[in-house]
Amino acid sequence: MNPKLLTFALEAIGRRGGKNAAVGIIFALLVALLASVLLTSRSLQSEVEKTLSALPDITVQKLQGGRQGLIESDRVYAIETIPGVTWARERVWGYYYFQNAGVNFTLVGLDFFLPAYEESLNAAIRNFDIATWMDRDFMIVGEGVERTLHANYYKEYFNFILPDGAMKKVELAGTFAAGTALQSSDTILLPVTLARTLLNAPEGLATDITVAVANPEEVAMVATKISRLYPDTRVITKTDLAGSYQNLFDYKGGLFLSLFITALASFFILLLDKSGMGLAERREIGILRALGWRMEEVIRLKLLESGIVAFTAYLLGIFIALGYVFMLQAPGIVALFEGYSVLKPAFELPVVIDLSLLGLIFLATVPLYMAAVIFPAWRAATIDADEVMR
Amino acid sequence: MIRLTNVSKIYPLSGADSVTALENVSLSIREGELVVLKGISGSGKSTLLALIAAMTKPTSGDVVVAGRSVAKLPDRFASDFRRNTIGMIFQKFNLLGDLSAIDNVTLPLIPTHESASDIKERAYRILKSLGVKKRLGSLAKHLSGGEQQRVAIARALVGDPAIILADEPTASLDRKLTLDFVEMLKTMKQSGKTIVIATHDPLFFDLGIVDRVIEIDGGRLA
Amino acid sequence: MSAFLTPDTLVLLLIEGLLLALMAVLLPSLWRLARRFDIGRTTPEQYALEKRAYLAGTLLRFMLWVKIALFVYFVYALDHLSGVITGAMCAAGVINAWDYGPLLLGWKLAGLYLFGSWLVLHRLDLSRENLPFSRLKFRLALGLAAFMGVEFALLIGYLDALDPATIVSCCGTLFSTANVSALGTLLAIPKAWLLGVFYALFALIVASALLRRSGLAALFSLLFLPVALLAIISFFSTYVYELPTHTCPFCLLQKEYGYMGYLLYFLLFAGTFSLLSAALAAKLVQEKARFALGLWLLGGFVALATWYPVGFYLKNGVFL
């Protein structure tokens, strides 16, 4: 790169500052829009991945008429006899809709005397003194739940409405903070018998069964064996879930990206149409050609000018997006990706910036810009050198 | 130094129309010669200069400049030839008004590999020798007519070309500035440059330093 | 849910589509240039064509460089897709998710060499006053347009066939010697033989380059490419993974191995290409072949590949 040409290009941009600034700012805003969506998606994705890594290796659900139903608890014993399985446990959990606040809580039944199937739950109740609460109806709630309850003036207890319409008073025994805000913030931990009452799950039936497998290589095989053993079940492995989440985020991000690209392309077609060279610019190029500038040097100059504007605008757009997503918490965009949690916990988007994402945004925007300017650049460069003499 | 052999130039117009700017022109100019091309506007003298500068290509015939046929050069070579061998002075100076005086002078050398400070230094030296010492940083559009003329000449000389081509260089100058220009021409001739001036200013026709006046009319040599 | 809609594949499609559109815009010009361009003529048509030639040349240069850079992105996207495609541990499974996937990869790889050669021809053409290769290069550009068209069709077919739900094989089965396929047979060649040919060819390349026998240097470089790929799969890669049964040319591209595959393949492809193009240039314009760069790159490749088994031996005192 010729430093003199670079300086000259920079000065030329300055000389036509108004036009360049207008195009640059529009482009920067478009980049910012795309970057905001993709950064939010990536940030949420990392949050979900953290959640997933804490999940059991295999989850077994019973299907009834194509929908999930309650599964027989005693299937746990048959599953535990499959070679490679470390343990299998029933889970009792479900959602409770709190009408006043318009949110769903996740109720999770726990046997407080046994280690839970999920390490994060063990952490949540580690400092909890079960002896004081024995034989009482109590719950331990995530921070999001606590916030919602306080906002509705429930400080010490909460009245659940049972499936038969009766009220059930449950005392608030404590709160826990979780590593991943997205998943656990809306969670309520309860003794398993109480959970059965609230969720209308009779003894002997469970929501699903989780299975731990010692060797990750054997997970797929164990999963196949379980579904052969119980053809009426759906067997989900952690890998499946991770894949389908990447799929979901890719899909939503992709859907947005395709819409975005359409918009960007039409913007450039419009730009291409309107951006005839001014008379002054045409004269300037004619002079350069007469003074011995090669066509390729003029094209290089013009592409350099556009490239500088595009790259500056790209950087500006990325910074706007970073501020919007991580400082302002992406208002309006988070909603685009919320398909997995109806509760809207006030959580911080974890700052995840990976270079491949910035590269992707670059590739999705800047080449379009450059393609839009290459024809005007060529038209400029092929102005006849003797034009300034006519 | 410059030799044209049976050169014709036909510009196509819209449709089947065309205009013949030069017809079967042959002429030869020796190294160090100062030649005046005399003719009214539209007589083809600008086209002749453009052909010598390899700005355009002849429809037929050959143009040999500094020992090199430039009639069919691809742009890359034609442009390099123009940058290295030809210094152009235009009727309306053709300065970039939004650039400073010194930046206008360095303009032809921007794509070359010489360092920025080297070309600035050269431009400064040439401007100084032409009597422009102040206002080097002023924008060209704020300079006086005389200053603009000197900047335009400095720009033609900055690449140290063997040939200077001037197209109606005094058409927009008053009497005093025209005489200044003649003085500068003398210096250029003394430094051994081959000079071709296309003009219809009678002052040049019987000037002592002019070696030859070639008259051109309707695209033919008279 | 279609694999079309991941941001990676969309961007890939966007840029490939953009390049194809530019190519389509250029086609009429290329056609006329290929038939009518003649630097010796002085007609207005020729002057117009010369301007067109600049546009076509500039655009093609821009596009082909983008294509070459895009190959890296393509490989990256494949690797990234292995997270979505069930059963795929690396790009190997992803590319094999469609029967013609390997063809697409091979096509793209061949494209690197073709595009590179065209760029060399273009540079040679512009460096001569009489533009000796203009007609030729525009004719070849028409061929490149067809090549890119087929490539785009393959890409569409490939992305369309990708289905996150179907289970593909991982590299463990694809590159096993038990695999009953041409590749399986080739991988069953004894390693000592393979390595012998590998180092012998490299020595022959160096010798013929130093002796300025461009034809021989080009021939050996061409032969070296497949041999080197086989050697990577069946020998060198196992030392990168430090696992005698892990033979895969794609896992090298992953983070666990410091993305070293990108460097290794860059050195191999750039090195062989540089040698081939130097030989080609020497042939076309009768000048001394410039082999130095290619030799350095290829030497770097051989050194890097060799370092893995040697380093392993130094660390552990045994070979795998």
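In this document, chain identifiers A, B and C correspond to the written order of the chains, with residue numbering beginning at 1 in each.
Quick note on the criterion: contacts are C-beta pairs under 8 Å (C-beta built on N, C-alpha and C of every residue); 3 or more make two chains touch, one makes a residue touch a chain.
In this text, all values refer to a predicted model and were calculated from it rather than measured experimentally.
Removal of subunit B from consideration leaves all other chains as one piece through touching.
Located most centrally within the structure is C, per distance between chain CA means and the overall CA mean.
Looking at B-C alongside A-C, one finds more C-beta pairs in contact between the chains of A-C. The centroid of the Cα atoms in subunit A and the matching centroid in subunit B are 65 Å apart.
Rounded to whole angstrom, the centroid-to-centroid distance between subunit B and subunit C, based on C-alpha atoms, equals 50 Å. Averaged C-alpha coordinates give centres for subunit A and subunit C that are 35 Å from one another. Residues of subunit A found to touch two or more other chains are 295-296. For subunit B, residues touching at least two other chains, in rising order: 75-76.
In subunit C, the positions touching at least two other chains are 54.
On subunit B, the positions that touch subunit A within their shared complex are 46-47, 49-50, 53, 55-56, 75-76, 79-84, 86, 88, 90-91, 94, 96, 98-99, 103, 107-111, 113, 116, 119, 155, 159, 167.
Across the complex, subunit A meets subunit B through its residues 2-5, 7-8, 11, 15, 283-284, 287-297, 300, 384-386, 388-390. Chain contact summary for the complex, subunit C toward subunit A: residues 1, 4-11, 14-15, 18, 22, 51, 54-55, 58-59, 62, 66, 73, 76, 80, 83-86, 164.
Every residue of subunit A that touches subunit C in the complex is listed here, in rising order: 38, 240, 242-244, 246-247, 250-251, 253-255, 257-258, 261, 295-296, 299, 356, 360, 363-364, 367-368, 370-371, 374, 378, 381-382. On the side of subunit B, the complex with subunit C involves touching residues 12, 57-60, 71-77.
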